[in-house]
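What follows is a set of structures for review.
What follows is a pair of complexes built around subunit A, which joins subunit B in one and subunit C in the other.
On to the complex of A and B.
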């Protein structure tokens, strides 16, 4: 159950090996791939997916799902952008993202948990609603030429790394601590494993579910702030495919879609592998139109390998080179 | 098959009357036979896809087919690419169906053989299919539809469009008969209702499920064929948003997301409601992005009302 505690399970090794292998191949094929500049760009472009993926990890772990996270980020990004355009101080605009995100997370939570509609159905419905809302809020044009104040803050150097990196790291650390050292972690995994049994054991299942949706919404809001800071425009199609990408990355990372098992490290590696592949293929000259095909094939490949038992073999090979983590001690 | 009329269908009928009444009030000239033809013309593709979606969901086991839109897009473009490569253009019609069937079988094998969760398996194939359709065509609509198909795709008899009359309607009736009066249909309800018991009494659950996914693919192929015959070209984005709308139609039609409950005639009713709603909005010059929003809102609201009514009654 607490697989995420042992840092390198079979799936994580497989993903790390995948990142390394694809990195080597691309570095060989394209002289530009392995430059600090390019890898920095990949890292910067991963921020939103890392944050949304973190929320999605919690949601899948608790047995839920939310396919509206991308467009929810879009709505929050519009709020941030409009505030910036209206001349609000960057800090206020930056906070608007998480606030709108939390509110939207609460909407999802109430529809799914209180309204008792299956999560996949409800959030597909909300996906449609939010997309129409984005259209309404943008009125058919882009938000562009946003002031650079917010960008300057998030890319400001703190101890030699951009501030955004620290925000992502803190988010992951906070979730890790909550999962490891508070009852929330046990409640979440127990609810995901079996709602009925968890309820019998006195786990506040509904509260845990609501918390997961609201946290995920908040993380979408933070991602929205990052998005506006990075790209400085908000277009009509914002976030349209982000939810599916996040689900792909999280599932790649070894989190069970049926709940009860999650891996934070796996999510990070899943996002890294997706973004590295997308970047590398682009540099090698594969048209970006093929990116979605590659994402889908990658998902099938990794899940297929695991089903056919290959990952155990690979895990054994990679762990032979690493000092075995104290798996027993963590329990 | 429930003999009792599901409350969702009652809500649907009321909504439909409301929409028609609203249209009659705001745009009286819309109420005409030609509107019926238009609505049914737009309904055909969604109806075919929603039928497949309903079958997959009915089979239970967390069954869902996210890839339907991708299958329609790929089945509408791939045959045209083959024709471009030199195959005779008469093969387009069977080509669409076979392409859809093959894609559906891939889904079915992933779910039944590799035991991937349907949501994830079809999400992955959705990427591959819809991405493949766009990538193979570089996003451009493909010409080369044989003119022979167009009279069928655009014609109408008795105010009913030919694709609807000759393809969608017979398939719906056949499926309803299949579900209600054959052992295969009873198997589907049984395994959707309780898979373990179904296995124990010897129902070939995996085979039935594989057939359901294959049927969903084949129906997506039919929808692709209709789109070719109607639009006259193969568009790589023709299946866009179909996963949302087909799921909405299935849910509104009274299919339980857990499987084993609901009938396909309700799905047809739901399709007609949704398309009436969309066409009505089109007549009122409402932007098409709104249609997705309204479809989503209808889905959430109707299910909420249904659930709250249930909670209200039981408490």
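On to the complex of A and C.
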């Protein structure tokens, strides 16, 4: 139950080792990889996936899923972009993202929880609807070259790091606190493990599910603000592949697709590994089509090693060095 | 009594209308164009060009299309237009295999059916009004790049889906042009970003990191264009790296003005719409189109290949900071 908090469980240490190993290989092969500029770029490019992945972690943990998160982000991004173009103060535009995101989260929650439609089917339907809504809202002309005001806010220097980093950190910290120190965490994992049993024990399953979808929607909205600030355009295909990337990163991080188990640290490391691979493979000159092959094979390798039991060994080794014993490893 | 009298009046009015309707039909030939979808700036621009041609050439222009890119809906609209008795109908074909029945229907009613913007070869269409050739698009983007960075330079290519045949054809012609005309020019192997500007921006950034001596970046898919431009802006390399791509003036405008994009290559859809209506009129009048001709009201000549039935608009248009405001699509 508390495995998601252990600083170095089997999967997390494996992923950390994977990041480190691929980082060393890339640094050896390309003089441009291990530079501050490049690593900063990788971090900046990870923001949206980190936020959407955080929401997806909760959703998978509670036994749900949402394949419409990328296009939901797209809709929120249109709101942010339109406000910026209309000359609204950047701070207002920035807040529009999360507000639209929360509203869309409510929509998803109503369809899935109140409508009792299986999450994957319901959100696939919403994916189609949102994609069409993006098309209608943009009318074939993309928002591009948006004013730079919002970018300046999110890249503003706070204690030596961009503000966006703090926003992501605060989001993770808030979810961590909610998971560990409030009944929400126990409710979420219990519901994810078995809805029927959780209900017998008096867990407010529906309320927990709704909360997870709404939080995920809000995080998509924050990601939308980040997207507009970073890329300063909203294109028709926005967010098309983000949901799958998020699911890949989250599952890679050790969260169970079947619910009942999640790892926040795992998600962070999963996102880091995906983005490092995308960046590094290009820098060392791997042809474009092979990059996806290599990425796919490495993902299979990570998941495979654990099945073969290698990570337990690795987990024990690293937990011996960890300041706090990995409680999850023994269970 | 009252109602009977009203009926007589209405009948009389209708009778009076018939000859005027018939007259209207006699005086102006009808040319229709069916786009792939209505309500997007690209086809809006084609409509505007078609209207202009109709006014200049003295024909009636009908613009009708599906609200979704649905080939079945599109063919129904074409069928309806044929039944309504237009004289010529042009289609930007969504599905080349579904057009055969309407080609037959058009022939039966002596309606000239031709394609424009998107073709259905071997379908029996009268001719195809083509915007630009793949060769022209591929060559022009390289030529324009060399004008700006010289021929001894390293250029990155960011494409969309690796499966898109038109994008791959353009890249093929870029590479052929570099090989034949600019042997010192180094085109890096194309990177495929899929459909999103986000991934295109990431790739463009990484290409600049991996190649500090990079002089230019070409965004091949329209979605990669803004991504490439944004990456150049964010990296603070405006002026050091020239961005380019195949994207519409609306998409490129802000980046052309900031200097992140040096130019964008595409065609002018309003010219294409104009040429479409002109071609329709030639077909209705039964005039043979010469090999090279400057249609009335157009500023440059177009070419016609009678063997393939392709009427070519000409060289692609190059949009820059100086002329981009003249285009609204």
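Convention: the second predicted complex is superposed on the first by the 307 of 331 C-alpha atoms of A that agree within 3 Å, B and C clash if a C-alpha of one lies under 4 Å from a C-alpha of the other, contacts with A are read in each partner's own complex, and residues count from 1 in each chain.
In the analysis below, a residue touches a chain if its C-beta (ideal position, glycine included) is under 8 Å from a C-beta of that chain, and two chains touch if they have at least 3 such contacts.
The model shown is predicted, which means the values in this text are computed figures rather than measured ones.
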item: When subunit B and subunit C are modelled together on subunit A, clash or fit; value: clash
item: Which superposed partner A:159 touches (first subunit B, second subunit C, both, neither); value: neither
item: Contacts of A:196 with subunit B and subunit C, given as first, second, both or neither; value: neither
item: First (subunit B), second (subunit C), both or neither touched by A:285; value: second
item: Partner chain in contact with A:247 - subunit B first, subunit C second, else both or neither; value: first
item: First, second, both or neither for A:86, with subunit B first and subunit C second; value: neither
item: Contacts of A:36 with subunit B and subunit C, given as first, second, both or neither; value: neither
item: Partner chain in contact with A:121 - subunit B first, subunit C second, else both or neither; value: first
item: Set of subunit A residues, in rising order, touched by both subunit B and subunit C; value: 140, 287, 289
item: Interfacial residue positions of subunit A with respect to subunit B in the complex; value: 65, 111, 115-118, 120-122, 124-133, 135, 140, 244, 247-248, 251, 257-258, 287, 289-293, 295-297, 299-300, 303-304, 307-308
item: Complex contacts: residues of subunit B adjacent to subunit A; value: 64, 110, 114-117, 119-121, 123-132, 134-135, 138-139, 243-244, 247-248, 251, 257-258, 287, 289-290, 292-300, 303-304, 307-308, 311
item: Complex interface listing, subunit A residues touching subunit C; value: 30, 32, 35, 37-38, 41, 45, 48, 139-142, 144-146, 227, 230-233, 235-241, 278-279, 282-283, 285, 287-289
item: Interface residues, subunit C side, partner subunit A - complex; value: 37, 39-42, 162, 189-192, 194-199, 201-203, 205-207, 209-210, 212, 223, 226-227, 230, 233-234, 248, 250-255, 257-258
